[in-house]
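What follows is a group of structures, each given as structure tokens.
One chain, subunit A, appears in both complexes that follow, with subunit B as partner in the first and subunit C in the second.
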Partner chain A sequence: MRLTVPHMGLLSTAYTRVLRQHGVDMQPPPAATLKTLNLGVKHSPEFACLPFKINLGNMIEALDNGANAILMPGGYGPCRFGYYGVIQEQILRELGYRFRMSTTDNPDRLSDMIDTIREISRIRNRFDGYRVFFLILMRMAALDRATALYHYYKPREINREDTDTVLRQAVRLIDLADSYPRLFRTMPEITRMFRAIPIDKALNPVTVGVLGEIFVVIEPFANLAIEKKLGEMRVEVRRGVWLSDWLNDRFRFRPFRRNQTTYAKKLARGYLNYPAGGESIETVGKTLLFQKKGVDGVVHIMPFTCMPELVASTIITRISKDRDYPVLSLTFDEHVSEANIITRLEAFVDLLERRRDEGIYRH
Partner chain B sequence: MKHLRIGIPRGLLFYSCAESWKRFFQDLGCETVPSPETTADILKEGIRHTVSDLCLPVKTFLGHVAVLKDCVDLLFIPRHVSMEQESYLCPKMIGLPDMTRACFANLPLVLDPLFHVKQFGDKAIDEFTRPVAEALSLSPARVADAYREHMDHHTEVPAEQRRRSERLLAEDAVVPRSSGKLNIGIIGRPYLLFDRYLSKNLFHFSRKLGVNPLSLRPDESEIREAMAVIPKWVYWDMGKEVVAAAHVFFKDDRVDGVINLCSAACGPDSFTGDLIRKRLNQRNKPYMSLSLDEHTSDVGVQTRLEAFIDMIAKVTA
Partner chain C sequence: MKAFIGIDVGSVTTKVVLIDHAGTVLWHSYRKTQGQPIRAIQSAFGALRRDMGDVVIQGVGTTGSGRKLADYVVGADVVKNEITAHALSAIHLIPNVRTIVEIGGQDSKLILIRNRVVTDFSMNTVCAAGTGSFLEHQAVRLGISVEELGNHALAASSPARVAGRCTVFAESDMIHKQQMGHNLEDIVAGLCDALVRNYLNNLARGKDISAPVIFQGGVAANPGIKAAFERELGQEFIVPVHYPIMGAIGAALIARTTKKTRFRGWQVAEQQLSTSSFYCPDCPNSCGVIEINNRDGVIARWGDSCGKWGNLGE
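Moving on to the complex of A and B:
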């Protein structure tokens, strides 16, 4: 059985090597390209959201490369994600692929995840299951940590692309750190690598919070590498949603990190009093948080027809009006053009810079 | 207690629950003021206030809010999160009270009790009635009683809708083959089907074309039967009903074709539509999916309906 799991940001880097060591024949899909997207779009329902289409493209490419089993998380939420697997399986069978499809219908439950890991790997012992799963989570947290460092150093770098090279190396190092001790040794090393980048210390960059639907936020292919683009415009990105936080809210593997969903719920009170699925509550709560903390503006990104983020987008437009706070909502689908996104980002950054020059701080 | 006028926008859940809401508030000594039926102006007003690419029914709903907001004491926009243990409503309906507040500057008090069976189970009614009691300064027990009396069975349908959604198997609803008339099942969410403006008067127009339009609200056993055919329980409340209705229509020999009326960019329907087309329509009945948005014209819908009927005539001939 050659198992494939559709991509979600750097998640596959976190689990592939670890699971391979425990006897899972992993075949991650090739990194998403335009071809992936086109394949996905061609076979998807018209109004399905972008993550669905990219995931479907991932599956097709992986199956073409020899995978014969797919693992797709499911669930029962108001968002469409829980139903992805069913529709994707139907489409792939119609295309004539033969494969085994497994979905985890309770992806939020730790025991379910452990059972899934035991089912696909050689691990029989429940304790080993926990150990491996938590190692994967820690690796994900390490990847997110490296990305956060990237956000800090990217706008300040003197030689273009330096930071990107370091991030690639860091991801590689974390990928190789396949045990707890190695992972803990790697982290200081990565911090040192970022510190060694020559930077413009005098620069006080404009800061922008990036919020929205988690898949498009963490997947550079889906959002046309918006964080890199902002970095190149000398803007420091403050990302509001992290995959490791999302996992931590469910599995509590970082006991000292607060539950971000509960925190966002508290922050959003008065604007969104009940989570409307997906990352809607995070988007609203963190917009208010960024405004309070003096982040210059917020870029809100979402896939076209995303239901929870449309609710959030309506509400943060109001927040923007109420508090005179710059918010830019960008919708991503297969038709989005790079020039469009760059132009709008540039205009937005210009606006932020001017507000800063004129000393418009209303916090 | 002051005599309160409670505004109920004619949109979304109105088409499923209005009758029981009305009786519920009457029992509590309040007057309910529904907004008028949707018109082009109401939709335009809704579009003016919405800020993003929301779907047609939500825009219409906000148009109704705009009509009501200055002439009532309270707006009743309940937050229905889940109607049953294993289901959710669409996120836009969960966030509806907050979205409404975000879209308008000077609203009267919005009464947004939470209805969430999945979380509160049997206590959902108490959770729902407590804020209502608070807003109307009544005792919670009295409100809960009124709720049990009037709203516990959501199968209550507004009179207008009941007239149209006579049970399919009631013999007078289906016309016999011999009459030469076609029976066409129309499925879709109640707030599209029974809003005459949004559905472009599809029922009326199909009758004019000499077709017998049918719609139905599936009951529990029909829903369970339909869910057994598809691989996974559909966890959207209304989506589930649409799928079950489709299943009944596809199964029934007397129905000649099925039309799925949905709004463009509807999240759940983009998936359930795929299920209906590929999984449920195993006998390959004529099926058309008709998606509506604010640019849809009457003529466009009518032309497609005519073409669909011509196609059925060819298939059955």
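Moving on to the complex of A and C:
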């Protein structure tokens, strides 16, 4: 069995090496390119969202490369994503592919995840299953930590692309850290690498909170590398949704990090009292949090036809009015115009800079 | 004499202005880009040199969708997006302006300003209905020039109701109205109303359009559209004298803070520049990479998503 799992940000780096070491024949899809997107779009229903299309493209490319089993996170989900696996399986079968498909039944339950690992790998012992699963989670948290450092150093870098090079090296080091001790030794090393980047210490960059549907937020291919673009405009990104937080809310592997979903629910109270699916509650709650914390503005990104985020976008427009807080909503799909996105981001950053200057002059 | 240049390379037209430090327009040029932005910039600079060759250029700003290209051609000190450029020139002209309606060749913008700061903006994302290109196309179809369109609209007695959600449907609806026997004036006025409705539905939804409102961009030349806006919103739309070149003026205004200019000098009008493009074969993204060449070789490249070509060019 050659197993493939569709990409989601850096997630595949967290599990591929570890699972291989336990006997899983992993065949990760090639990194998403225009070809992936075109394949996905060609075989998807038009109004399925961008994550569906990129996932499907990933699956087709992986199957073409020799994979014969697909694991799709799903079961029930926070939005349509929950039944995507079922539809993708049907589309692939109609295209004539032969493969085994499994969908995680209940991605919120730890025992379910451990069962999945024991099913696909040589691991039989339940305790070993936990050990491996938590190592994967810790590796994901390490990848997110490196990304957060990237957000801090990118706008301050003096030589263009320095920070991107360091991030690539950091991801490589985390990939190689295949045991708990190695991972713990790697983290200080990564911090040192970022600290060594020559930066403009005097720069006090504008800060922008990036929020929205989790797939488009964490997948640079889906959002036209919006975090890099902002960094190049000398903006410090404060990302509001992280894959490791999503996992931590379910599996509590970082005991000192508060449950972000519960926290967002508390923050959103008054504007959105019930989760409306997807990351809607996080988007609303964290917009309010960023406003309170003095982050200069929020960029809200979502896939076209994403219902939960559309609900959230209407509510944060209201927050923006009530609290005089700048918010920019951007929608992504295969028809997105990069020139349009860049112009709007630049104008938004100008707006934030001007507002900040006015504030300085006034006080 | 010391002066600043602003260049606005739009989808349909290329605008070049020369201003003094106070922001007074000394010279301006407005010409069709005709798909050849480099040539349009160069011919504008040729004319600028002939007319105003003795001025000392202290700063150059570029804006518009071709702002990056313009930067490589002339050597710019600031490269700014068109929203900021339009806002700055409008604020310079009317300091208490609160709303800017800008409709150009292929895009339209709504910019809200409070206390001289942009507080909100929107831009058309999916549909070019209501922009200059569409109006021009329809004028040709009706057998009149785009300049006459507005006066025809003003002469209408009872504007026809034209569907304005989509350019294709608007066109077929206009044909239908012609076949029903509506006269030209009423159809043109109906078209203006439809475009205004389209603009307000797409860009202005939920936004507070309050006076003073400035109406700029090429389409502001059309008194029919201006009248339709004023009817729909019950507010006066101010069309500045320099309405089609406001973006270029904004770019020049921003360039006023330049300390030492990167402007390459008047020879930019004569330099031999050519562009070429190729698809990068290194990954399936197949990015279309654009190269600008002068006689000595490649001077700039862009268009790649990974940065490997763009970085070589610097």
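Some observations on this one:
The rule is short, and it goes like this: the second predicted complex is superposed on the first by the 357 of 363 C-alpha atoms of A that agree within 3 Å, B and C clash if a C-alpha of one lies under 4 Å from a C-alpha of the other, contacts with A are read in each partner's own complex, and residues count from 1 in each chain.
In this text, contacts are C-beta pairs under 8 Å (C-beta built on N, C-alpha and C of every residue); 3 or more make two chains touch, one makes a residue touch a chain.
All values derive from a computational prediction rather than experimental measurement.
Annotation: superposed three-chain arrangement on subunit A; subunit B versus subunit C shows no clash, the two fitting side by side.
By the document's definition of touching, of the two partners only subunit C reaches A:355; subunit B does not. Panel annotation: after superposition on the shared chain A, the angle at the CA centre of subunit A between subunit B and subunit C (CA centres) reads 80 degrees, nearest 10.
In the superposition on chain A, A:89 contacts subunit B only, with no contact to subunit C.
When both complexes are overlaid on chain A, the residue A:346 reaches subunit C alone and has no touch with subunit B. In the superposition on chain A, contact of A:310 is made with subunit B only, not with subunit C. Once the two complexes are laid over each other on the shared chain, residue contacts for A:74 go to subunit B alone; subunit C is not touched.
After overlaying the two complexes on the shared chain, residue contacts for A:185 are found with neither subunit B nor subunit C.
Applying the stated contact rule after C-alpha superposition, one finds that A:252 touches neither subunit B nor subunit C. Between subunit B and subunit C, B contacts the larger number of subunit A residues.
Once the two complexes are laid over each other on the shared chain, residue contacts for A:225 go to subunit C alone; subunit B is not touched.
After superposing the two complexes on chain A, the closest approach between C-alpha atoms of subunit B and subunit C comes to 6 Å. Judged by the document's definition of touching, subunit A residues 317, 331 lie at the interface with subunit B and also at the interface with subunit C.
Those residues of subunit A that touch subunit C in the shared complex are 33-36, 160-161, 164, 225, 317, 324, 326, 331, 335, 337, 339-340, 342-344, 346-347, 350-351, 354-355, 358.
For subunit C in complex with subunit A, the residues that touch the partner chain are 65, 80-84, 107, 115, 117-121, 123, 125-126, 206, 283-286, 305, 307, 311. Those residues of subunit A that touch subunit B in the complex are listed here as 45-49, 74, 76-80, 82-83, 85-87, 89-91, 94, 271-278, 280, 304-308, 310-315, 317-318, 329, 331.
By the touch criterion given at the top, residues 50-54, 79, 81, 86, 88-92, 94-95, 97-99, 101-103, 112, 114, 230-236, 264-271, 273-275, 278-279 of subunit B touch subunit A in their complex.
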